[in-house]
Amino acid sequence: MPPSPGLFYQVHFYLFGLLAIASALAFVTRKSPIAAALWLVSVMFNLAALYVMMDAHFVGAIQVLVYAGAIMVVFLFVVMLLNLGHADELSDIRGTWGRIAAGAVGLALLAQIMAMSRTRFLSVLQPPTNPVFGGPPDRGAIGTVAQPLFTEHLLAFELTSILLLTAIVGAVAVGKRKGANDT
Amino acid sequence: MAAFLAGIHYNAWILPVLLLIPTIGAVLVWAHGAVAGQGEAASMTARRLTLATFVLEFVLSIGLWWSLDQQSADWQAVFDAPWIEAWGTRFALGVDGLSVMMVLLTTFLMPLAILGGWTSVKAKVHAYHALMLLLTTGMLGVFVAKDLFLFYVMWEVMLIPMYFIIGIWGGERRIYASLKFFIYTMAASLLMLVAIVYLGIMAGEPLGRPTFDYDAILALNLPPAATFWLFGAFFLAFAVKVPMFPFHTWLPDAHVEAPTAGSVILAGILLKLGTYGFLRIALPFFPGVAMYPAVRTAIIALAVIGVVYGSLVALVQPDIKKLVAYSSVAHLGFVMLGIFALTVESVQGALMVMIGHGLSTGALFLLVGIIYERTHTRLIDAYGGIAKVVPLFATILTVVALSSIGLPGTNGFVAEFLVMIGSFRTYPMMTFVSATGVILAAAYMLWALQRMIYNKLDKPQNAALRDLNWRELGLLVPILAGILWMGVYPQPVLNRMEASARKLVTDVTRNAERQQASMMMGGR
Amino acid sequence: MIPEALALSAVLFTIGAIGVLTRRNAILIFMCVELMLNAVNLTFVALSKLYGVTGQVFVVFVMTVAAAEAAVGLAIIIAIFRHGQTVNLKNINLLKG
Amino acid sequence: MLLQEAAGAAHPLSGTLAEWIWLVPALPFLGFVVNGLLSLVPATHLGPADPSAAGHEHGQAGHEDRGAHDDHHHVTRHRNAGIVSLVGPAVLGLAFALTAAIFIGMLGAHAEAPFVRTLFPWIVTGDLTLNAALQVDQLSIVMTMVVTGVGFLIHVFSVGYMQDDPGYPRYFAYLNLFVFFMLVLVLGASYPVMFVGWEGVGLCSYLLIGFWFTDKANADAGKKAFVMNRIGDFGFLVAMFLLFANLGTLDFAAVSGRAAELGEGGAVITAIGLFFFLGCAGKSAQIPLYTWLPDAMAGPTPVSALIHAATMVTAGVYLVARSAAIFSLTPVASLTVALVGAITALFAATIGLKQWDIKKVLAYSTVSQLGYMFIGVGVGAYSAGVFHLVTHAFFKALLFLGSGSVIFAMHRAFHHTGSHADAQDMRNMGGLRRFMPWTFGLMWIATLAIAGIPPLSGFFSKDEILASVFARTSHSTLAEASWAGIPGSALLMLIYVLGLAAALLTAVYMTRMMLYTFHGPNRSGDAERSHLAEAPWIMTIPLAVLGVLSATGGLINLPAFLGAPAQKLHHWLEPVTGAASMHITHGEEAHLALGTEMALIALAVAIAVAGMAYAYARLKPAALVPKDQSPAAHGIERVLEHKYYVDEIYDRTIVRPVVALSRRVLWRGMDTGLIDGLFVNGSAYFMRSLGWMGARLQSGQVGTYAWVLVIGVLAVLGAFSLS
């Protein structure tokens, strides 16, 4: 079992956790997409904080940089572009029945996950007997992630690059306006 | 005559030739259609060509009448050629007492059916006649097939042209009727295919590859449990075709919507395939099940219900063709009663009803077709008092109607009398109930007859009806001759069927006891 | 502290799922999907403390995929918007069976 | 004498004229063919405009209706009427001559066993060997004599009666066909051959009743007759099946020889007897299947005379007499026959009292007299039954033909003045004595005969039956048997009393008919009166011959106490029915003490005279008014006039429910509803709805997909966590 972390660590962990949940709830219930997007950004910041607390410094940074910074910006950009800001037209939350049903389904999902965590795990999912606690800090935040990335998962890494390339080309192709010189 | 036939080895080549001629005819007529187009002249040549083919077919098949050896009950005029080696199916043909009369009935009715539709079919004449020729190959194929696989193939070959004939040249609701007819028969016969394949494999066990030869399968002794579902499969396929009581609803629709010639063949020959199937396959192959008391009584009960139900419903039909269709259900009920009562007289009676019904109902449909051509209505109440205007038509309709309700002196009586007197010995109560069918038959037929040809001539459009012309008369006289001949002197026909009927009865009863005994010991 | 992290991730995931179910606006549904992906990333990170750093590597991959997906998805939404002037899911049913 | 199988060659009759017996039915068939072809020729020589000229076979399109209630048509005579009127009766005459010759031949030969002439094997398969064979024995030759003899006279009468009907050849074709089938019935050597004739005559009566088929009432009457006969035939069929199932043979000789094997008084033999009687009830119009006979009067009058008085309706009596061996072994069936006969006799007589149509009166009188014959053959006095059959054929044919000439005269009168009055209704007649002396005289002879006034034939035959019933009340197998609890002797006494009552009523309604028709003032209107005249000689001569026969008919079978010349018919029928009737009376001739017999005769005569006197006194023909002015009857008279509403009861209790059942329940409900609706179209609808549900899933709404996704996840997790 990992050494019990200090009280300071626990408090901050719970703080960021609750903040994340609160902002997620806010995100889901906002009518206007812009407010929703901003709440989502706040969720991401809290998560980044949690990553750092769990010694995943590089991932935390990436989270803020890429996720909150890039992807959410693109979202906001598109919302602005399509002028979807005003809330009334998109009162899209489907009536009380929709929400109650969604809530019920959510609770059921949660209950099942909790129930699952109680059940006996399959052998392959058992936590290893010699857990790596925190890992050696020697390679620094980026090194600990970069080393396996460029050795074991090199192929996956290359593939993601190709993926990004196609995504960009696809986005441009789809998004392009149907101009006269279109073949 | 028999000597002459033996001289030219008639028996060796007759059956394949009988199947081949219509196919060649079909190809010729179809090709002629493609070449000469659809003009009136071309259509007329198509009709003449088809008629010639059928007349040739009939002339050839008459030889069978003499060449059949009346004493022996096993296969005659056998023709055997390899077909698909891998599956062990052979192009084996043969004829015996049960099927010879059906072959003759087919070749006798076909030219008359074509003559019947001479002027009523105007659109796509070539296709129509090509399909008719193909249909004949299918029907004849089923009657003479000695190989079970060939039996099934011909069963389907016969189904497709009929579907098109009803579907294209039929009445208003023809699509619904032809679809219903096709799906009803096809669905039931798929089960039969499964059973045939199972039998083929079981029979082929010792040879290493499946064989569908009739005698090989006949010699098989199957586990009792298997025989039940096998019989069930065959029963369903044939019961739909007969049609027996609960499976009969396709018949009125198919009859009402089919063109005249279609109805004649549908009633005259196609219905007999079901009963022929029982006689040829269901009974000899699974005597234990067929004669099992519960199964046998149930089937006979269904047959008797069919007789009474068919007659009662025919009583209230406004449409003459539907009335005749339901009367066919009643007549076929008698056939099933005859078959499952299993005495020599009742089986002979069943065969006679099959032939007699072919003639009487065929003639009825031809007559309805003739009057329909003039008035374009099938409703009985649209007529009335036409005996004064078309006396010849009225007389022939009366004679045929009387033969259909079984008046002595016509084929109807001889057939139904034999069925009932035969089945009375094994199932007295059931025969008693089916005998009431005789009264109901008189009721519905005479009531319809009176509303059509007697009573006041009150509808102006009926006053100007033309009586029968020479073609129509020439078409009906042979059938009338057949009806009266089989009524007064049926002996030659009976002699030809006696040996096979006796063999069927003795074999089935003997095997039934043996199988039921093994069933009791083996238990299920 | 891992169990708490996993519980948090489960809650976030559920909220994301609820968001997807209740929303009609295509873009907001995308965002909810992003939220669900973040929840999964959280699990990865939490468990990477036990199973080693491959978890974090995986998070990187998830992020790249999320980015690609967002890009393409938004492009499609723009195309749809240009076509039907709406992103309300109710009217976008060209895929009707 | 047990009827042993006749050795073909050694039979006394073989080689004699009897070999040509097949010619007797063949001649009328030849007549049918000739007349049938002639009727194909266009009916009349009128201009093309006349529709009747266009028609052929049933050519007489525009024919005029000789029947009672038809409007005015011009009279058109068929072109070939001459040939037909020669061929028709000639064929019958030849047949009668041949039969008479054979009869004389038989007189000398007094053959014991029947002579069976086999023509060709009809249906031979399995254990059933059925030959188309004719049988010549004492009973069949008597019947053939009656059929051809009376038939010939009626044919001659028809030449006059139907001469102006354009359907003349068709009429004679049917009449000849009828006689052919009747001869096949009477001469058949086995039950199925007899059945051929049995249904054949049913067919011909259908064709002849509906001869003027343009009138719905006639066509309906024909259909009703055929269907009711068919119900009877159903009984006949079942009896044949029972016989075949138990004895394995259907030939008369074999069956009567081995009848004992069926077990005396057993269930099987009683069933056979009862089913045979059902056949007789259908054909000979006994209760409950008698309603078709009065309606059969819709046909031409000579047809009523031939078919519905003399020949066809007596087929039932012939059947019982022919299967005497079976009936004698089953007292229950025989008692049923006698009882139903007695009840029918009385019941029909009561209806006859209040009928106004002259032919309806005679029709009910026939039903009643048939009841008498069944009493005779029922109690085992087969020769008495046949004797009454013969005499009845004479005087009933005379009565019908007489009424025919009356109607002919009335119709000609109404025809001249163009009035539409009913030529058959007695209220329009009256006082015809002065106009038709011959018919009047001969009709009185027949009326006296039927009433049973000695020395006419009716008296002898009716008295013979009543005497034989009385003789069997004691010391006979019937008396000892019990019928549904009632002892046989009491039942026979009841039958005797019913018979007497029927005789009384017969005398009353016959006298009533004579009074209203011939006596009192003439009510057919002044203009018509001048045209009323005697029927032409060709119609009156047959009447005269029948008159002689009715008067002298009694000589055939004088009562026993008159010594030598008595009981000729009884001894003549000895070889056929002797053994059976002896069996019923325990082996020795049933005889009454002379005293009782004389008393019975006196009683019968007194009854007859009383009936006639009562009618003469009570009825006042002068008070009658023509039909259109006569007030509607009420109370018991109305019930009788409407024949106890039996037809309406049948219609409402049997016909209408069956039609309704088959239309609503069977056709609509079962066929189109259950089988078509539920299974056939139902399964099609079920497949289509499955498809529709599938389509609903692919609704294009991405939202629904998300839902389905999540629910799927839940399901998987649930399964996982529960496992």
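Chains: A, B, C and D, in written order; residue numbering restarts at 1 for each.
By our rule, contacts are C-beta pairs under 8 Å (C-beta built on N, C-alpha and C of every residue); 3 or more make two chains touch, one makes a residue touch a chain.
Quick caveat, the model's predicted, so the values are computed rather than measured.
Trainee: If you tally contacting C-beta pairs, which pair wins, C-D or A-D?
Mentor: When A-D is set beside C-D, the one with more contacts is C-D.
Trainee: Go ahead and note the Å separation of the Cα centroids belonging to subunit C and subunit D.
Mentor: 98
Trainee: Could you state the distance in Å from the CA-based centre of subunit B to that of subunit C?
Mentor: 70
Trainee: Just the number, please: Cα centre separation of subunit A and subunit B in whole Å.
Mentor: 76
Trainee: CA centre of subunit A versus CA centre of subunit D: separation in Å?
Mentor: For subunit A versus subunit D, the centre distance works out to 105 Å.
Trainee: In subunit C, what residues contact two or more other chains?
Mentor: 17, 21, 24, 89
Trainee: Enumerate the residues of subunit A that touch no fewer than two other chains.
Mentor: 94, 105, 109, 113
Trainee: Just spell out which pairs of chains touch, all of them.
Mentor: Chains touch in the following pairs: A-C, A-D, B-D, C-D.
Trainee: Under the definition above, what is the set of subunit D residues touching subunit B in their complex?
Mentor: It comes out as residues 51-52, 54-59, 61, 120-128, 192, 195-196, 198-200, 203, 206, 210, 213-216, 219-220, 222-223, 226-227, 230-231, 233-234, 237-238, 240-242, 244-245, 658-659, 661-663, 666-667, 670-672, 675-676, 680.
Trainee: Using the touch rule from the top, collect the residues of subunit D that touch subunit C in their complex.
Mentor: My answer: residues 694-695, 697-703, 706-707, 710.
Trainee: Which positions of subunit C touch subunit D when the two form their complex?
Mentor: Counting only subunit C, the residues touching subunit D are 17, 20-21, 24, 26, 29, 89-90, 92-97.
Trainee: Under the touch definition given earlier, write down the residues of subunit B that touch subunit D in their complex.
Mentor: Checking each residue of subunit B against subunit D gives 180, 184, 246, 248-250, 252, 309, 312-313, 315-317, 343-345, 348, 385, 387-389, 391-392, 394-395, 402, 407-409, 413-414, 417-418, 420-422, 424-425, 428, 431-432, 435-436, 438-439, 442-443, 446-447, 450, 453-457, 463, 467, 488-491, 494, 498, 501-502.
Trainee: What part of subunit A is in contact with subunit C in the complex they form?
Mentor: Residues of subunit A touching subunit C: 2, 5, 9-10, 13-14, 17, 20-21, 24-25, 27-28, 33, 36-37, 40, 43-44, 47, 50-51, 53-56, 58-59, 62-63, 66-67, 70-72, 74-75, 78-79, 81-82, 84, 90, 92-94, 98-99, 101-103, 105-107, 109-110, 113-114, 117, 127-128, 131-135, 144-145, 147-149, 152-153, 156, 160, 163-164, 166-168, 170-175, 177.
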